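Structure record follows, encoded as structure tokens.
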Amino acid sequence: MAVTGVMRPGHVALRVMEIEPAVKHYVEVVGLYETGRDDQGRVYLKAWDEHDAYSLVLIEADAPGMDHYAFKVLDTATMNDYAEKITAWGLTVERMPAGELHRTGERIRFVVPTGHHIELYAEKEQVGNGLPQVNPDVSPDDLHGMHPTRMDHCLVWGRDVDGSRRFFEEVLGFQTTEQIMTEEGENGELIGCFLTCSNKPHDIAFIKAEGDNWFHHISFNLESWEEIRNAADIISKRSLPIEYGPGRHGLTRGMTIYFFDPSGNRNEVFHGGYIAYPDMPILTWTAERADKGIFYYGQKMIESFMTAHT
Amino acid sequence: MAVTGVMRPGHVALRVMEIEPAVKHYVEVVGLYETGRDDQGRVYLKAWDEHDAYSLVLIEADAPGMDHYAFKVLDTATMNDYAEKITAWGLTVERMPAGELHRTGERIRFVVPTGHHIELYAEKEQVGNGLPQVNPDVSPDDLHGMHPTRMDHCLVWGRDVDGSRRFFEEVLGFQTTEQIMTEEGENGELIGCFLTCSNKPHDIAFIKAEGDNWFHHISFNLESWEEIRNAADIISKRSLPIEYGPGRHGLTRGMTIYFFDPSGNRNEVFHGGYIAYPDMPILTWTAERADKGIFYYGQKMIESFMTAHT
Amino acid sequence: MAVTGVMRPGHVALRVMEIEPAVKHYVEVVGLYETGRDDQGRVYLKAWDEHDAYSLVLIEADAPGMDHYAFKVLDTATMNDYAEKITAWGLTVERMPAGELHRTGERIRFVVPTGHHIELYAEKEQVGNGLPQVNPDVSPDDLHGMHPTRMDHCLVWGRDVDGSRRFFEEVLGFQTTEQIMTEEGENGELIGCFLTCSNKPHDIAFIKAEGDNWFHHISFNLESWEEIRNAADIISKRSLPIEYGPGRHGLTRGMTIYFFDPSGNRNEVFHGGYIAYPDMPILTWTAERADKGIFYYGQKMIESFMTAHT
Amino acid sequence: MAVTGVMRPGHVALRVMEIEPAVKHYVEVVGLYETGRDDQGRVYLKAWDEHDAYSLVLIEADAPGMDHYAFKVLDTATMNDYAEKITAWGLTVERMPAGELHRTGERIRFVVPTGHHIELYAEKEQVGNGLPQVNPDVSPDDLHGMHPTRMDHCLVWGRDVDGSRRFFEEVLGFQTTEQIMTEEGENGELIGCFLTCSNKPHDIAFIKAEGDNWFHHISFNLESWEEIRNAADIISKRSLPIEYGPGRHGLTRGMTIYFFDPSGNRNEVFHGGYIAYPDMPILTWTAERADKGIFYYGQKMIESFMTAHT
């Protein structure tokens, strides 16, 4: 396919209560690399196999949660084209000047129906993945922590999941891969949906909740089930709690661990899942088997997972 | 991205010397499922996680090799649009009527500069992946052989690699992810290129050779390095030769085994590799380190790999 | 070492409420092979890589639990020598005639201080592991279920753990590899101990409880963490509950899943752990970190695990 | 079994041409830890999960090869008892005083029929495995290189394989697990044998050759097939040659890579294999299928493997 529009998740800006323990967590436990700080004290980090300058921004704040989730689009013309379509769809578009975020071009910012701040941008400085572009090895030598290759996706909670889904499908060209419905068939109401802008099983997911702009988790991609085990070893050596996992989702088939950063923002490490194509049928999970969809190993709900958010 | 154009590799039609041993190989060794035969005696097979009716067609013939490699495009309008562009680019487009291949709509067929017969089609009957669309499990129970999830890509040989690359980039919207050059820099001449129509590291690859329309290998996707080991066990229980592997490529970073079907068509099972985005730099391999690029484990050329083709 | 004395766990005889669902569970879910039935209706099963005729006996009964746990000793002279030593140690030795269990020679039977019926025997018919003894492959072709290679160990509960430990060490020549103590140092009292008659981290384990002759779990060995994942997939496809796992123990370092047979007997599948030698220091777990010792991933106690037994 | 006699491989003393490149290889590539040097310039190394002070001694010399292979026995009385039996069997026993090797008690030394210098000792200082003995984690944090857990075994070549086998069986109490014979049946002559003093598939192996005291390889144990892949990545990042692998043996079923230290001493990393018990049938490989026994993946002989030794 000629790639157009939104390419991929670009970065997440997360609020944390204290910056240094957060940096320590995302570097030493998760295994990201710090690539810069700005004069507002924001810290920029990336996973090893990402070429762009960062995929996570940590912002010290009074409360944890997601400041915004940004997607990289093909080019500036595409971004400007989206700005028009978004406005036409009825959302207010704010322009963030180039340089407002470190090494990043102009961004457009808007609030989707579930209350989340979503951004699009076309330009971010490329710093490379630590490997040469000629005759490269398969990985750098100095990997640490859980060795994530990329920031993979976020799952967020809000009231109007149907609205955000329609926005991402109709305006941004995302595709729904899976959905959770109250029941099968025509009377079913949407509880959750998983959307992709690529061949991944999801790049963003929404779950219905009683509030807006709630953040559920940020997920980092690992390269094997053995790396999931390694991640569990790392968490356990620090006696950090694991909310779920090593486990597996029915939804996306991904293998997973859920844990938390020091501010209570939920983290996931994730491996696997199918390849999504536009002609794949949408998979449906009914509310009564959401336990199987979310916690395929064990198949019972975990209370904190259904309630805790930032 | 709003998906447009070519979605994915749809099927490969392979010539085999005797149909039954070939079917036995692709079913029992590789692990595909036979999904039908037609009145010409052609046999249709699929990997378990493909939704379409088939991804491999076996055709009894006097000599092995690739009859054609077909890609599925988004819809019929897209196919017709491509027909015009292909004609405009200077190739002759032949129309194959719906039903000429079992359960398949109309196809367009043309010969690319390296002499290979490439096809596009928009319609193929979906038979599903053996799992329900509501509350599915992560895999069917009855997997056999090497458990490939999909036919992944082909590598083919021909004289005018540069021409086929330009065709796939300019007309079909593919992106080059990696290339092999005689040397680094401006004097380098193209020896090979790896092209994707998706986020996979490659969907088709071309290597320069002294003849045209040569077939090098068809590759099937496995889900882990452990599945690569299982594939090696299966091959070894039958005392079949392995040309290379279990090993790894520098190119694409994929883990691999090369072996052969009873007619001498080269097979690969493949796992891993990065996720390709349009803004990823093209990786270059120089001829002198092609050994590292192709056979990362071992880093020496294998004579048969450089010469044997069908 | 010249091997003498007790060679290995030979078999476990388990009571189940209904024989056919139990057989179905151990064959289809766990992946054992049924190798015979006797005129009392007892069913004999083995794991694929065991050479002896069986390692599990299922006995229909009114209540679940362990009938007895039998170890194979080097030869009949060794068994008779043990009979004398056991009597000298103060236990009553009962002789079970050859043939009382299918394909099995004479056994000696006695009750250890925690109330469990332990047996020793020297002769059991060898049926092989499905592979030839000349130029064998690495595994048979027809593996099913979780592919366990052997019955690995049992963990049992009783009051006088210290007594059973002394018996296994002093009389049967076992070695303690790890122990759980109320506290570190001289005031610590024994809560649990893990004993080996080989280089495995444990062949039997005892945990202190408020009753005697309680059975906690029988464990089957798997060959990799990937096989642990496969086991979790199998359990989950049947929507069976998982008590813990895929997870890991601090104790023995083994990777694990706990689940149940239809009668409520707890099963484990287990992979990994160190190699135990006689000069390895005994590892100690304090009661306050027993959570880390047992549930290394998660590090919190699971109520049912501490209470449910058969 | 009450462990008696020989416990395990204790250490290998290897001759290397230049000490520093050898140390660098065994530390940075293989992943051992340097634990000391003595006033003769010998360097002592260990794998992380070994408790004793070292398992490899590097000795600078004019030619590579094995100086000696030492086994640890249960205690000094056992060593002295062996000294008598060895003398009675007809070999000359030399006593090496305590302290001759760093942190090591008295050793006895003798030459077995294949010309190799074998040693036994009972005392070596324990330095631990980097983990506490109370509430330990599953591994230290600072593992590097290939993360071997232990030096596992050596394979050596000599003329009188039958003699060395009888010595290890009759005097040292080892058990033959597998053998290579010229042909099946009574006329078969011994070409190679694999001997264990534990439950491992082998602790030493002998192959018939045209010279004596030849060294074929030293093997280090890895914990998974994924660790075998990691080892291959490490070798390949340095563009070091791989003689075979990632592959698998039919013999022992072990997964393997063969490569070389800078002096040409062959190294192996090894994972897997069955658990050996005394009543396991001896497995036989016929000369015509030695290719399958040694190189299960590929099943063809590798010339250098059959000829190169140090």
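Letters A, B, C and D mark the chains in the order given here, with residues in each chain numbered from 1 onward.
One rule holds for everything that comes next: contacts are C-beta pairs under 8 Å (C-beta built on N, C-alpha and C of every residue); 3 or more make two chains touch, one makes a residue touch a chain.
Computed from a predicted structure; not experimentally measured.
A.B. asks: Using mean Cα positions as chain centres, tell me which chain lies farthest from chain A.
C.D. replies: Between chain A and every other chain, the largest centroid distance is to D.
A.B. asks: Using mean CA coordinates as chain centres, what's the gap between chain A and chain C in Å?
C.D. replies: Taking the average C-alpha coordinate of chain A and of chain C, the gap between them is 44 Å.
A.B. asks: How many angstrom between the C-alpha centroids of chain C and chain B?
C.D. replies: Between these chains, centre-to-centre, one finds 48 Å.
A.B. asks: Could you give the separation in Å between the centres of chain C and chain D, each centre being the mean of its C-alpha atoms?
C.D. replies: 31
A.B. asks: At least two other chains touched by the same residue of chain C: list those residues.
C.D. replies: 137-138, 224-226, 233, 236, 248, 292, 296 - these are the residues of chain C that touch more than one other chain.
A.B. asks: Can the chain contact pattern be summarised as a line, a ring, a star, a complete graph, or none of these (other)?
C.D. replies: Here the contact pattern is complete, since every chain touches every other one.
A.B. asks: Which bits of chain D are touching chain A when the two form their complex?
C.D. replies: 137-139, 141, 224, 226, 233, 236-237
A.B. asks: Please name which positions on chain B make contact with chain A in the complex.
C.D. replies: Result: residues 1-8, 49, 51, 72, 74, 126, 128, 133-139, 149-150, 173, 175, 184, 197-200, 223-226, 248, 250, 253, 272, 274-275, 277-286, 289, 292-293, 296 of chain B touch chain A.
A.B. asks: Which positions of chain A touch chain C when the two form their complex?
C.D. replies: 225-226, 229, 232-233, 235-236, 239, 241-242, 245-248, 255, 292, 296-300
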